[in-house]
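Here come two complexes built around chain A, the first alongside chain B, the second alongside chain C.
So, the complex of A and B:
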């Protein structure tokens, strides 16, 4: 997977399979010495697609078993194979949920979140096969199918996640560049504040009416706006744009003079618009990178509840 | 025309901890004394610490011996105690008195002539000779007053005096060097000279309130640039940005590419890019840095140990200088910690008063260092034994030996015991006092060894290049070695020039032997070593130019080089050469012109070897010739590969080349390990920062978003673990070290002075206080307790800080210390930032392993 040119796997003595794990210690003193890496791979291609292969094998095995293993003619979920697939599926779901804990528990040890994410994605996808087979295609309006459906929602949202993770980071980083290097979110906000101060000073000579319009732009918090505004980066109520428009209109009706304070304010507002646009693109990309998690995670909890209900009801009422 | 008022037994100049403690002892002993202080308060250096700073009392094992109290605590409390004690002791303090010159009034001392060397900007030197006279000494103050004293104690610290305006009219009274209260300046035309932080703060302060009616101009010698980091290289970025903004708002004027040509009352003539311009000027505030006090000290007849910038005055064991009767103590004598300063103040007055039996206060510390050694010698005997048996120490004074040993360690080794292992990181130098060690030249065969005898040194490569140890060293007999810390070794080299030459000679020889291997002995390369020259190469300068003739070989001793070649009219990056490698052999072996350009990635040092002398070695040693040919072939293939790819993959080659240049510009040239982020993978989750904070007492040591990027490779603000860390340069308690995994880390003795933060060119050190511990992850997950993973918000930390009302306890909690990446040393699994990245965007790399052509190869083959 070509990402940054030259960051692809290369062979040097120091490159080992698990790029983030500890080397086999050569002497006890070097225990914490990690591998030096000259190359890296993304979570999708981690360890030459180890989890992709494992997940694929799991699907294949489940499918072959489903097709070829002779089973008593009864409800599939109740057969030994059905139980097996169900247990694997439930176990996987619980384990997939634990990613949320792993991500936040910064314990020592030779694990890497990249490896976990890699396994999460591929094993999560394998559930489409494993759990669906477990249903024996016996879907209906009941708690069992609810669990399956919730799981499918989680999985589909996960696929969206992958899509965003794969396509957006580049745009996020490009949006942050300027000639001096990368601008941080904090710097963008600082720049806006400083522009606001300049606009405030420059607006002093304006008429009360014009100043009031400009004031609106200063009052508006760039972080205001609904989720929808953020995700689309469209802000129809942008006071800055309105102020710039109003001033330009006003100026069209006035005689042209040198050093018109309106010109100065207009120029500053134009700069502010450009900066706002950058901040808004930034917020849009960041929101998109997180938005899908707002489906993925809550539905996971709903899934866990439905799954528990499914298991309890199976044991007691089937 | 000054008046001579009094004669004193001792005059103490400077009322910092050192001078003040000396005056206190003098007062307690009832000696006639005067304490002369430039400012209107005691201890100006500490007075100028930021408000409420927690002052540390390191080293903690050292006992305090002074008539004044000192313990860790708030700056205000300490100054308060000193003030009241100074009054109680009845110390005769003379405030607002700056000593400008000290002259002996007695007869000339035969044969005692001081040579003062002044280095000019153009590299030439002026030597001035100064005949020394015996005391009593006449002290001349800047206001013309004169004092007479039998003995003088200089304790003026190292802060120095502000640099002066040198243009005509620079001595006019409206030319000033500080600004106490900007709000008091009204309706003036002010010119601020200098765009460091001090100048910027002054200019902005004067212009802030337009009601004050000041017209402020600030002069910048550099041209205007969109990048404030270029046009204001000496200022902090937020300061510079704020200034540029004030300029845009019309509050003040920044004049770029402008200097003051001449001053006269009311007017200033400026030289600008477009010629001269005369503007109104009621006041000049010059903030153009400060000059170290060396010139003043030298003019008192006090010789320094060398011309090196880091050198200190030559002192006897009782702190007496080369001018008899003048003593130097405190930071100026090379002891920057307050406790040392105070102890010396006490000791020096005792010595002057004739107490010759006094043992220095550091005696117990030294006794402890020698405690583990066989044979009961006293501290003084040990110091003398080490000094006489180790060649590089023989020119040290007893006082220097004491100080030196405080920073060093001495250990005994049984036969067969390993001193250090190959590839272990380490920047210290070892000297053998007794016994014999063996260097293992073959890692797989313990019997292949080279001996190193008592009296000499080893481990110098680590000291010089900051790279890992080149070989395992084992004691062959019962051996006693001194391990000289990097700082002590640098001090030694700057203070004892013969030691420096000796270390350089040995290191050159060893480096060549180690590099060329193949059974070479020192006799084989004697001629090469003799003719070798050590050269300093500024960043960007080429040592070899493509197409030129030349046969000399260059060994990179310090720093690193990049190799470039012109392909299709553009310089293309070929490879990166870390310290310890050599270049230039192709032209020597094959003849012909240089095939590539080699330039310094950062300021470097090379050993230049005479090509002809080396040719003779090659001719005599066919094995070496084969080896050199082998290595040359590898380089050839690299060059050929890049040239062949250039046509078919021109875009990729350019990108590869540009990216390498970008990385070098971001400090990779001096890095040993750096965090990079692949911005094609980074989803901006900041889990790397959170993990770092959670693995390190709640404070993140990296700023992921900040820093520069090129072609989607981002170098965040995080430590590069430099080969020669700038941050180490000026740490009073010596708290910054290189750890066993090559990490540069700060230990608990940090006093929070902020020097390392100022010295790090990459801005990766932050000064902060440790937040309180957080509730566990599970209680956050299930009950929402605490702020969750990552660095807690300052507000939460403040609210939850376990203050208990006890000032000592609470101050310790508020203590700010320097925080930086320690490469997660000691944490199983390694760097938390890398492990916690969900997508694999964050990686840590060593530049010599990262900047290889292999990257290009795989790219073009994959493409």
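So, the complex of A and C:
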């Protein structure tokens, strides 16, 4: 828990820009309002870490109870403290799942989505302590441990999510800046289209073989590729790189002539490669931002199912 | 001959612009090269890809460099085209419609149908930067996982339960509901591992005692003997006292969830792993017995909270009246506690390294292994269970010194019968009756007669009287053997209520107490690495046969020398403490056997080993 970053409020580039104000006296009211709106308060440090403290207290209370409350020697889960921790844990799991419902309806204020998210993160992390103590460290190959394991998968994937949300946006915006400023996703596509048109025109004089190689680069969908290609940003079958390489190789054995169309095509392909590299970095960062949810959300539902089975089984074979 | 070529371009608005040219001649060329008649700026098209030839009113299209093209969707290298029916040629991303124009002129309508590159086609900005299509959808996998888990962990187990409900014994092999098991069953119940329903009989009904009693009808003894089941339960509940508010709350919740109190499984917890079932924790006993005298004023039992700090002094069952029907009484063990076994014995004298006994031992090195004194095992031997001792038998342990020999008959010792006072008396009488006294020499025919008859007559008279009164010597012998200084009197208590044959003497039958602690369990086997006198300290000190030599709770040689409480607590410092729960000596369902903790471990390997070799579990 202690390794979760970002307990101090942080400032992003956007905040710094937005909080610049004019000196006109009439704008003071507006300024404060704007400051209030724009001072970026991460969900991790929401309300001075209120939920961090609450979750920490919950963990501490559970731990102390686990250690010091005298209990009859039996499965810990079957003692009154075990049932209590289990009920708290199950309630937390259901409530944490409701973030998925809640986030679709944004409201401001104390129960804003940010407050919910902050509580979601910290109470979710506290489940590691609460639910693990509920097991009494008595794990085996059964539905009860399945529920615990699924919960741990959900929490760990959530921790990845926090880490990605903490580090990746910075990298994402750095990657989008070039000498002309920030590039939007739409502009990335436009740039590629423009380059493709230029390559297409420049390649017209090429021989049939060379043209076929260049055509491969044009025909390849830059958004194609497996999830592995996306996440690693490695595309071993990149047709643009192959085209550039093939043409360069072909040109190496030819006499130099002025205005060789291959030169132009090569230059354009090199630019396209650079542009694709940026696009792929962008895709990698964006897919990381999304990928953890592909574990977090489905496993959450598996967890809800396993939790139901766990509870039913306990009462069924009482 | 003339060809009409119509190039169609699209404006941004989608409007078509048609640029028509005519070419004179029989042949036109199609290719990427600007010099071609039909110029297709398309990298998938060869610089000079194909030519179309008009010959005798028929149109042929053929590839120049064997690079195929498509005619009506078929890839070909050459094809005659029926102008009246027309055709659709495809070169790379371009389509050329061929048809007969006015005056039979072949018309080529050229248009680009594919974007020049993939990225030039329309991209959905909303999804192209996401993982859509690369990963199975979240909704889809969420449902999939959830249904899979519900099927495997809920539907399958419930199915197994419903299928086998009501069966007397469920077949072995894995059943779905075993996935619910929270842990392995203990060794005692290992065979039930595939039969959840042996104990979990009804759904949503906590395990009831009758499920246990199906098998345990013989060995589940009542804790309070001699009371009807209902009275015993009521007394047990009363002994626990009224629970506090939290206890009442717990009880209410448990009953609300259909978990009544007082069931076997509340103490006998299962699914704790494949070892022996765990001993009942001490708290279970002390909940009642700690301070019980306040809650049950009529109880005769003293309070007990912990062996180390709060255990009443032992109350061994002592012989207070020896005899054929000895009277036992449980008496608190103190230094002055005496037991009347009907025997006289000097332990200290017999154990001493000095004095007559030691001298006797030294004189018989063969019998006593060259020792210089007797030891306990010379008389006391463990029984086959190694728990308690065989009674000491006079014939085996005492007689080699304390012989009851009467006379030697041709090298064989004739011995008085031990344990049968009447026989002893009869033997003695028979011995003295078996012959006349030796005839005096003065009466023999060979003796010289002194003058006068007077002396002879006197001798004859004396002899006649001696012969007549000979049995009276037997009486004296009988009296002597039962009286102080006699063989019986040395060891036994003699009374005067015997039969005539013993002159009214009788021996009180001696009683050897074989189990002092009837409510507790003690096994000598577990203490075999200690000397007897470590605990029975008085054995070398006391010559008082009435002295009770079993060790007490504390003091010299007492149990608390090593045994501390279940919590490790002790009144005095213990060098090598042995933590001792109640269950080490006491059993809730008490029977003649050892209690739970001291029972031999039921391991698979140990099950068929001889009883004496089994390890006694002392945790």
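Definition applied: the second predicted complex is superposed on the first by the 273 of 318 C-alpha atoms of A that agree within 3 Å, B and C clash if a C-alpha of one lies under 4 Å from a C-alpha of the other, contacts with A are read in each partner's own complex, and residues count from 1 in each chain.
Rule of thumb we're sticking to: a residue touches a chain if its C-beta (ideal position, glycine included) is under 8 Å from a C-beta of that chain, and two chains touch if they have at least 3 such contacts.
Given the structure is predicted, the values throughout are model-derived calculations rather than measurements.
Trainee: Between chain B (first) and chain C (second), which, if any, makes contact with A:204: first, second, both or neither?
Mentor: The second partner, chain C, only.
Trainee: So in the superposed three-chain picture, is A:104 touching just chain B, just chain C, both, or none of them (first/second/both/neither)?
Mentor: After superposition on chain A, A:104 lies in contact with chain B alone.
Trainee: For A:168, using the defined touch cut-off, is the partner it touches chain B, chain C, both, or neither? Pick first, second, both or neither.
Mentor: First partner only, chain B.
Trainee: Does chain B (first) or chain C (second) touch A:143, or do both, or does neither?
Mentor: Touch partner of A:143: chain C, not chain B.
Trainee: Using the superposition on chain A described above, determine whether A:134 touches chain B (first), chain C (second), both, or neither.
Mentor: After superposition on chain A, A:134 lies in contact with neither partner.
Trainee: Have a look at where A:177 lands relative to chain B and chain C in the superposition and call it first, second, both or neither.
Mentor: After superposition on chain A, A:177 lies in contact with chain B alone.
Trainee: Report for A:114: first if it touches chain B alone, second if chain C alone, otherwise both or neither.
Mentor: Once the two structures are laid over each other on A, A:114 reaches chain B alone.
Trainee: Give one of first, second, both or neither to describe whether A:286 is in contact with chain B, with chain C, with both, or with none.
Mentor: So A:286 meets both chain B and chain C here.
Trainee: Quick one: is A:185 in contact with chain B, with chain C, with both, or with neither? Answer first, second, both or neither.
Mentor: A:185: touches chain B and chain C.
Trainee: If I apply the document's touch criterion, which positions on chain A are contacted by chain B in one structure and by chain C in the other?
Mentor: Residues common to the chain A contacts of chain C and of chain B are 185-186, 197, 201, 286, listed in rising order.
Trainee: Show which residues of chain A lie in contact with chain B when the two form their complex.
Mentor: Within the complex, chain A touches chain B at residues 2-12, 14, 19-22, 27, 29-34, 36-43, 46, 101, 103-106, 108-114, 116-117, 164-165, 168-170, 172-173, 176-177, 179-182, 184-186, 194, 197-198, 201, 285-286, 289.
Trainee: Mind pulling up the chain A residues that touch chain C in the complex?
Mentor: The contact residues of chain A facing chain C are 70, 72-75, 77, 80, 138, 140, 142-144, 146, 150, 185-186, 189, 192-193, 196-197, 199-201, 203-204, 206-208, 211-212, 214-215, 218-223, 226-227, 230, 282-283, 286-287, 290-291, 293-294, 297-302, 304-306, 308-310, 312-313, 315-318.
Trainee: Which positions of chain C touch chain A when the two form their complex?
Mentor: Spelled out, the residues of chain C in touch with chain A are 32, 34, 41, 43-44, 46-47, 65, 67, 92, 116-120, 123, 125, 128-131, 134-136, 138, 141-150, 153-154, 157-158, 161, 177, 179-184, 196, 200, 203-207, 250, 253, 257-259, 269, 271-272, 278, 281, 283-284.
Trainee: So in the complex, the part of chain B that touches chain A is made up of which residues?
Mentor: 226-229, 241, 245, 248-249, 421, 424, 652, 655-656, 659, 673, 678-685, 687, 690-691, 694-695, 703, 705-709, 711-714, 740-741, 777, 781, 788-789, 824-832, 834-841, 843-846, 849-850, 852, 854-859, 862-863
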